[in-house]
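Two complexes are shown next, each including chain A; its partner changes from chain B in the first to chain C in the second.
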Partner chain A sequence: MNKEVDLKGKKVKLSQHVKIGEKNKMNQTYTDVSDMFAAKGAPSFLTGSEIIRDAVKVASVDISVAYPITPQSEAAALIGELFAEGYLLDYFRGESEFAVMGQCAGAAFGGARVFTTTAGPGTLRAMENFPMWAGSRLPIQVVVTCRGVNSPLSIQPDTLEMAYLLETGMLVWHAETAQDLYDFILAGFMVSEQPDVHLPLANCCDGFFVTHTKDTVNKAPEDLCLPPYDPYKSPVPCMDMECPPVRMMRDPFIMKSNYISYATHASWQQEVKAAVERSRKHTIAILGGLIETENVDREILIVSSGTAVSQGREAIRLLEAEGIKVGLVKIKTIRPFPYEEILEATANAKHIFVPEFNMAGWMAREIKALIPNNERVYEGPRVAGGMTMPSEVIAEEIKKHLGL
Partner chain B sequence: MKKRLNIRISGLGGQGAVTSAHLLAMAANNAGLFSISNPFFGAEKRMAPAESYARIGPEKIYDRGELVYPDIIMVYHPQVITMQKSYTAPFYSGVKENGLVIINTATDLLNEEDHKRLDDLNVAVFDIDATKLALEIGGTELSTNMAMIGACIGITNVVSLAEMEQAVQDRFGKKYVASGGTATLDEAIKKKYAKKEQLLQKNNETIKAAYAIAQEWAKSSDNLALAVH
Partner chain C sequence: MSKDKIQICEDLADIMPPEYQDLVEDATYGDQDRGWKDVGSSKELIEQHSLCAGCPESIAFRYVLASLPAPEDTVFVGSTGCTSLVFPHVAVQNIHSLFGNQNAIASGLHRALKVRFPDKVKDVVVLAGDGATVDIGLDMTLQSWFRQEKFTTICFDNELYANTGGQESGLMQKGFVSKMAPVGKLFDKVRLPEIARESGCHYVACLTVSKPNRVEKALKNAILVAREFGPTFIQLYTPCILEIGKQSMEGLDEMKDAESIGGRFVYKEYATDDVKKFLKEKDDEAKARKKAKKSAKA
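Up next is the complex of A and B:
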């Protein structure tokens, strides 16, 4: 490829397919994501913010837009250092989270691989952009470092904001640890940029518990990197005011111009939902599954996502010491929701506990809406407002509910 | 090391509570143990309550967040106790039986009730004037956290002095940016010393001095049930 075509004297580069094995200007070799995972070296002991930087460093990201909000500010600042070192084409600070997400959209419309980070009130402030990204099929990746959103103010972890993201049409993943986050960032680009997916990804993690915690992570060598984004694989034509998809820009549906607008809007939303579902096969191929399970033949199960899973793992240890055996289901992708996998994993459970770091209990609702005999689901324990959830509390609540 | 050691550090913003939890975890990581450290604070500002936690153990650690049931509590500033600048009240709530409390103070800050409740749990209390040590040996009170770390490992032996020295080297010996606030503090520390090597050396000397005092105390202390080897 890379064939130059003479167009009325103008040289137009039709495509920039980069082959695996070629090097970029930072002397990194374009490598298949699975090979990058296979080449992981000795463990490093780093904070989650540093992990985000290290993932972006090898992710062939073109553009990142930053705006400070705890607990993602450090990661955003560290990505700025990557730009200074030459790893990104452009990096700048937006005027607000709303502006940042709009600027990300512009960069993605222009064919760039775009990465940004936000948190809590920032996510909500930017919210209008997320369904717009999805509807425009922009494979932007945003790492959401979840924190409290409601007043009185809290900067501590609270996963309520994820509930708002569920129906935006984005892929929504939830990392348990820094290792997950590293893997999800790299895998995320590869999944969300597939032509039959081509959707934005909200890569969520719990602020502080992941971003500010020092933990061991196995990383790919820094002289490897992901193959770059190929905008010509986009399933929709490049969109600008001269070339709107269908009649979106010239005849907005809201104008009720004709019957086509209704049909387009309705069918396009269905198509976006379908694209979310189509991401499964790619995610399974790269991440090995949408859920992880341990001992799901047991009668008592803990089912959750994010740090709640970590706390659940410790609770399982505490209960095991008392002779109470509990299995575990960790949900990695919230959108697409792993319906089949969860049905199968919970088939034999008599009691299902769903610990959550939010007041709403949205994860428990998702599971209750899915499985048969949903009185098996105990909604909790839950903490909110950035409170911590000691494993002892989970263990006690399980014992109390079961009368043990 | 047979079982998990959970360390809760209660300090005030600017004292390096977060840095020292990271150092303890890094040293443990160097020693081949499993460890996790994380901070817990509100807006980053000096003299506001700031906590951090180091969890160290013989098997993989999943637990994170605020440490509600610690084995060891370190108090970096008298105001944690006298002005209740901590996330729990009293500051020792949740401490486990046979635990340990290390307080940076020149005088006893606990009242009779505190002493009785800690005695009932067989929790040992070690007062050490870490700020004085920091001023005398480190040349700045900013080394208070180093003295506290030294005291912690002097009593628990959870990591060796050499492993801690390596962690300090890793943390301060190279470029490190955690946040704007941390970067500013690092600069402030560096300005106190002509050279980075001097900073590392003075900090290590402060750690060693507190380590020796703590070891002496642990040897003579009758009520110290906490043994981590």
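Up next is the complex of A and C:
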């Protein structure tokens, strides 16, 4: 169990890079992410795609590879404009998501900080790469703007693809708002590049709801930027022939049928899982926790992630007007899953509602598998295929289920 | 990376394995004229291999690694297949990621090394089998050539999927009966050298590994041209003696047959006029170095 961290009056440092305080060629000063967050200015009113661009602009990203797929195309193209302005060292369009994720891997193997975006069917086409990224300990960040993956063809918001990402060995975070997305992108690089983590991060958000709507976001000043990536702090060697090669590949690739081989593969999978868990302390330090809670002493709770939380919050306001008191748990990191935090937050709840933007109900499954007396969990309401989830629907569902 | 970086701590020198001692004292790192003739006398980048006895791929590996102009600054990208059984033994950094994405990995890698080391030459070399290059990875092979990515692609062509037990591949010859081609392969061997030329490769060579001189020359040409001009491609016939029913000692004869007049691997080389001129200059420089060395000895 992670001890509660009191951030008040404490200064969290996520980087000791020697270049902190120096300027880059774009006249931005390398600054620790906590200082960047502390220096946030007045709110801007921007779309989610523009927020992705603005976060990348101050993230000291070296290389980004792009491919068109709705709803991430705009963000990917805006990052191209940053490259044209000189904020990135390289940028190009790949030929498919499978290739793009390979190109990102190559760049990360070569010691670059790498950022990309994808969505829906693109995430699934790229899927073979994600466990390879994690197994190779490449701290690539991909923003996943979730959309439908099924046939008939859909481009509408749907969070089903996140279910596929859960066992890849990547860190998986879920942003509720544009502000979350901005903070998660910057904090994400710092957490995933820690030597004891050093894993890829899928920074998920709900397509259209977050990417194509305007929202107010407090951003760090653009003359600050994250400290650069230091590939020599990686727990595995950087593939740049700057350290003597050993006669063993960095990948645990042993094609033998013997106990040593099995043990190597098993222990490496355990190590990746352990590294996911080790990210908790860094994430808690910079994001203040893996979950956020409101009134969890109440008997009825809404527990979810992404924009389902926003709708849940509105439903709580509607129910409050009718005298029904409901608490809220917002889950920010899906991997690592906040086991202890959710156990604690749901300890007194008698009814737990899990609204979701997908038909699978993967979030409800995660919670049911975790908490005792899981008949307390009501799986829903759920919408999919691009439907909105009006707060009235959540409120009605809660009342109906409880016979109110 | 300078060869000076490869040092053994003096206190531990006597307990280090002989291969590390050799790597420090007797490696050919830093000698741009290193070549296949160093095999056996200087420390090689590969010691043992884990392929079948007599496998032509194992000797191809030795020639390729012995001929690299700058192994101290070369990173290999491999793919799944028999080559991936050898790479764990190779004393050059190498990446295995997935089956077929080798040219995508190399594209990202070369770009990262270019932006991180703008003033240094860092060679990226892809070495993969024919299944990886032509079948599952063809899209990424071609797209890296279209984009003019500056690295060399080597295809070890054994005309089938050897590692999985001899299944049909796109580079298999028409009519050959194999697993997954139970009535014989129904279409022609894919003409990859011609495709490479039309796709933007500045230097293309197709040959067997029966003649080490030729392999060395083609490899050096390909890497030097990739540094200056853009993508280059070498296709090497490395027959899978196991899957075509040959004995361990018959690999060389198989290659000699395949490269004789009318065979599938008659020596083929394409280069643009600019590249030909460039290679002539490089040849003259190498000859001058050789002459100077000789006269210095005398």
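Note that in this section the second predicted complex is superposed on the first by the 366 of 404 C-alpha atoms of A that agree within 3 Å, B and C clash if a C-alpha of one lies under 4 Å from a C-alpha of the other, contacts with A are read in each partner's own complex, and residues count from 1 in each chain.
The rule is short, and it goes like this: contacts are C-beta pairs under 8 Å (C-beta built on N, C-alpha and C of every residue); 3 or more make two chains touch, one makes a residue touch a chain.
Owing to the predicted nature of the structure, the values given are computational and were not obtained by experimental measurement.
In the superposition on chain A, A:Ala108 makes contact with chain C only, not with chain B.
When both complexes are overlaid on chain A, the residue A:Phe98 reaches chain C alone and has no touch with chain B. More chain A residues lie in contact with C than with the other chain of the pair chain B and chain C. When the two structures are aligned on the shared chain, A:Arg313 is found in touch with chain B, with no touch to chain C. Residue contacts after overlaying the shared chain place A:Ile63 against chain C, while chain B stays out of touching range.
By the touch criterion defined above, A:Phe209 lies against chain B but remains apart from chain C after alignment on the C-alpha atoms of chain A. When the two complexes are overlaid on their common chain A, residue A:Ser73 makes contact with chain B while staying clear of chain C. Chain A meets chain C in the complex at residues 62-63, 65, 89-90, 92, 94-96, 98-100, 102-112, 114, 128-129, 132, 136, 237, 239-251, 253-255. Per the touch definition, chain B reaches chain A in the complex via residues 22, 25-26, 29, 34-40, 42-43, 62-66, 68-69, 177-180. Across the complex, chain B is touched by residues 45, 47, 49, 73-74, 77-78, 81, 155-157, 208-209, 212-216, 307, 309-311, 313-314, 387-392 of chain A. Across the complex, chain A is touched by residues 1, 5-6, 19, 47, 72-75, 77, 84-85, 87-98, 101, 104-117, 122, 139-140, 143, 147 of chain C.
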